[in-house]
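Have a look at this one.
Lettered A, B and C in written order, each chain numbered from 1.
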């Protein structure tokens, strides 16, 4: 009986953490798939959104939902500005310049947050309705974790449906598949990219706030979790919502279990698995096999 | 009976359901001046990629001088004398014209392996590259960066690199593509002056060029061989005319 | 035997062409190439209180130089070069800590060997990929080694590392003084010099030229029959070995080794140093390391946040406007202003 509860606890905790990884990373996957842009600074958007949400609640007394909305739209707006004025200039540059540029952005964000807000850790005050325990019958578990898992599932479903069923989703899939072809079909790739970039960054901001409980929130956030976001995206596959969802959940559960049972260096298995996975399928879980 | 340099037997290549190259039996004679024509998407470049080993065929064989090279890697085929140019320039853009050619020469003569001897002392390599540039009238721009040259000259460097490999078989993928017509004669002159013993296969759209240069023409349509003959025979072939006027269906066959 | 030569029998001696002469002279030493070494020796006498800073500087230069070989010459974009630095550091550290091997010069060779083995084995599988996948694989390999070092704390000291490493005297005579880094500094300078001569020779060889070809256009290199994969692997292995020496030197001059040798921080820093100086340029590593470490040393202590902000802005500006780094910027300025005069003078008499 106890073992069941232990396992359920690990799975639920892992799924909740994985959900946060998914919400943060999904935008990165789509924008990288669209433009081939190596955006290491994606985590900085997550941090920015996280700070907006936490500060709105703690200092401006926003409600949880209102703060989340602020985090989403605020981050999206910031990302559009950066995309228009900076990112855009580097679409045709090499990966190395993109890596350098986005590392630079990370530093600027870290320093900016440290100067304006301070280096200390920020905590998310959960609303009363989400802070208790929820009885699932076989186990009582934190309401907030369950809430996250459900929200994440709905978001994944929503994005997936958008991809499969709507016009803009079709355009995105076509462009990820073959950008030149998409352009010649008259798809305005630039506009498409701005929209998905804004949406993806907004999601990252949302994830930064929702996950402040699990991942913490301090100025080092974009560097600390960079490897995790990249693993999720590369294992999941560029431009693939489902792939990223699975990859994030698997990584979440695995990481949760490993840090519990092998606190010293247990994450070695995550890296080993990622390497094996990428060697076997360089395009990730959902990536089609190379011809 | 002329000697056959390069031959394919039932050569095929699919991409998923699309058959890009279908069952091609083709012979390139020693010293040939052979043109490969066909509408866009006919599979000409894929065919070249199969000959050079960039792509493995799904089916069929490639023979060089009677020897089966189907399983050979690209680099080995180059050593045996198959060289190519690209439809879109693939040059070392940041390097000088001379260096572009030197890299190819060094690779051919086996110098490129040596790690502890200055490249500048391999005067044999530099001499040969320089001499080649002179025959192509590129000597006066030898020190210029390739990216700074006008497009026509860049196409000439593209040709120079492949000639530097001393090929027995030279595959030219639209060598004058994108070059303003005022300059294209420079490239065609250079091709005409190549040593006679090289077997040349040229993909070309401009029929004037084909008639001026080739003694034999092969037409590819929808991934398959459509017709072959002397330029005059091809010119008077009504079916070929239809294809070029777009009256016959020539889309790649689907399975 | 060659097409070209047989056709050019009557042409004028091609060697007279300025392009050919430039190519033939390129590997020759120029007077200013003595400057870094003179500066290195002058530093020893001028700043006796900063010799351990000098050691850090030398280690960083060597590390950046090793990265330049892989990134600047063969075009391998890696985020995990500290994997080899760390391998070398731990090789030296573990051998010394358990008193297996403390002789510094041979220890560095062992560090190079260990790093080369890791570089070769990982390169064998990783270098088949490109782009994001390669970036991720290099990053994960490094993280894997970092976690391995963390897990094997019984041997590696885990998070705390291995302190107070015993290092035997250089040539059996010159002792490493833990309080005053004069021997360490000169030793490090000597190691850097030897490695630099090696890299410089390599870069100007036909092999080095073919690496440049791979960076400039890999498809064309395949098409001219170059065994691209083997070349890149050889280059990656050599680069790993040099990074291993840098790591070993770091462990020796500091007399400790810890997990920071293997981290993303170190890998990112060396990338920044190299790109700041200018990659694919041999001396970019020197310029980048001097400027980066000098700024870090004096700014980061006093205003750490401002340093980070400035560094971020600098990176963004370099990526947007000065892709060749400081040396590239210098070259561009020279070509625009200073170069014109002297070039005209040089070309004058020989122009066709």
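We adopt the following convention: a residue touches a chain if its C-beta (ideal position, glycine included) is under 8 Å from a C-beta of that chain, and two chains touch if they have at least 3 such contacts.
Worth saying up front: this structure is predicted, and the values here are computed from it rather than measured.
K.L.:
Counting only chain pairs that touch, give me the topology of the graph as line, ring, star, complete or other.
P.N.:
line
K.L.:
Compute per-chain Cα centres, compare each with the mean of all protein Cα atoms, and return the closest chain.
P.N.:
Answer by centroid distance: C.
K.L.:
Where are there more C-beta contacts: A-C or B-C?
P.N.:
B-C
K.L.:
When the C-alpha atoms of chain A and chain B are each averaged to a single point, how far apart are the two points in Å?
P.N.:
Centre separation, chain A to chain B: 47 Å.
K.L.:
On a C-alpha centroid basis, what's the spacing between chain A and chain C, in Å?
P.N.:
It comes to 34 Å between the two C-alpha centres.
K.L.:
Between chain B and chain C, tell me the centre distance in angstrom, where each centre is the average of that chain's C-alpha atoms.
P.N.:
39
K.L.:
Could you please specify the touching residues of chain C with respect to chain B in the complex?
P.N.:
Counting only chain C, the residues touching chain B are 1-8, 11-12, 14-15, 17-20, 22-28, 201-202, 204-210, 212-213, 216-217, 219-228, 352.
K.L.:
Which residues of chain A touch chain C once you look at their complex with the stated criterion?
P.N.:
Touch residues, chain A against chain C: 32, 36, 38, 86, 89-90, 93, 95-101, 103-112, 114-115, 223, 226-227, 230-231, 233-234, 238, 262, 264-268, 271-272, 274-275, 278-279, 282-283.
K.L.:
If you look only at chain C, which of its residues touch chain A in the complex?
P.N.:
Interface residues on chain C, with respect to chain A: 71, 77, 79, 125, 129, 131-133, 135-137, 139-141, 143-144, 147-153, 158, 264, 268, 271-272, 275, 279, 305-306, 308-309, 311-320, 323.
K.L.:
Residue numbers of chain B touching chain C in their complex, please.
P.N.:
The contact residues of chain B facing chain C are 52, 54, 74-79, 83-84, 86, 90-99, 102-104, 106-108, 111-123, 125-135, 139-140, 142-143, 161-166, 193-195, 198.
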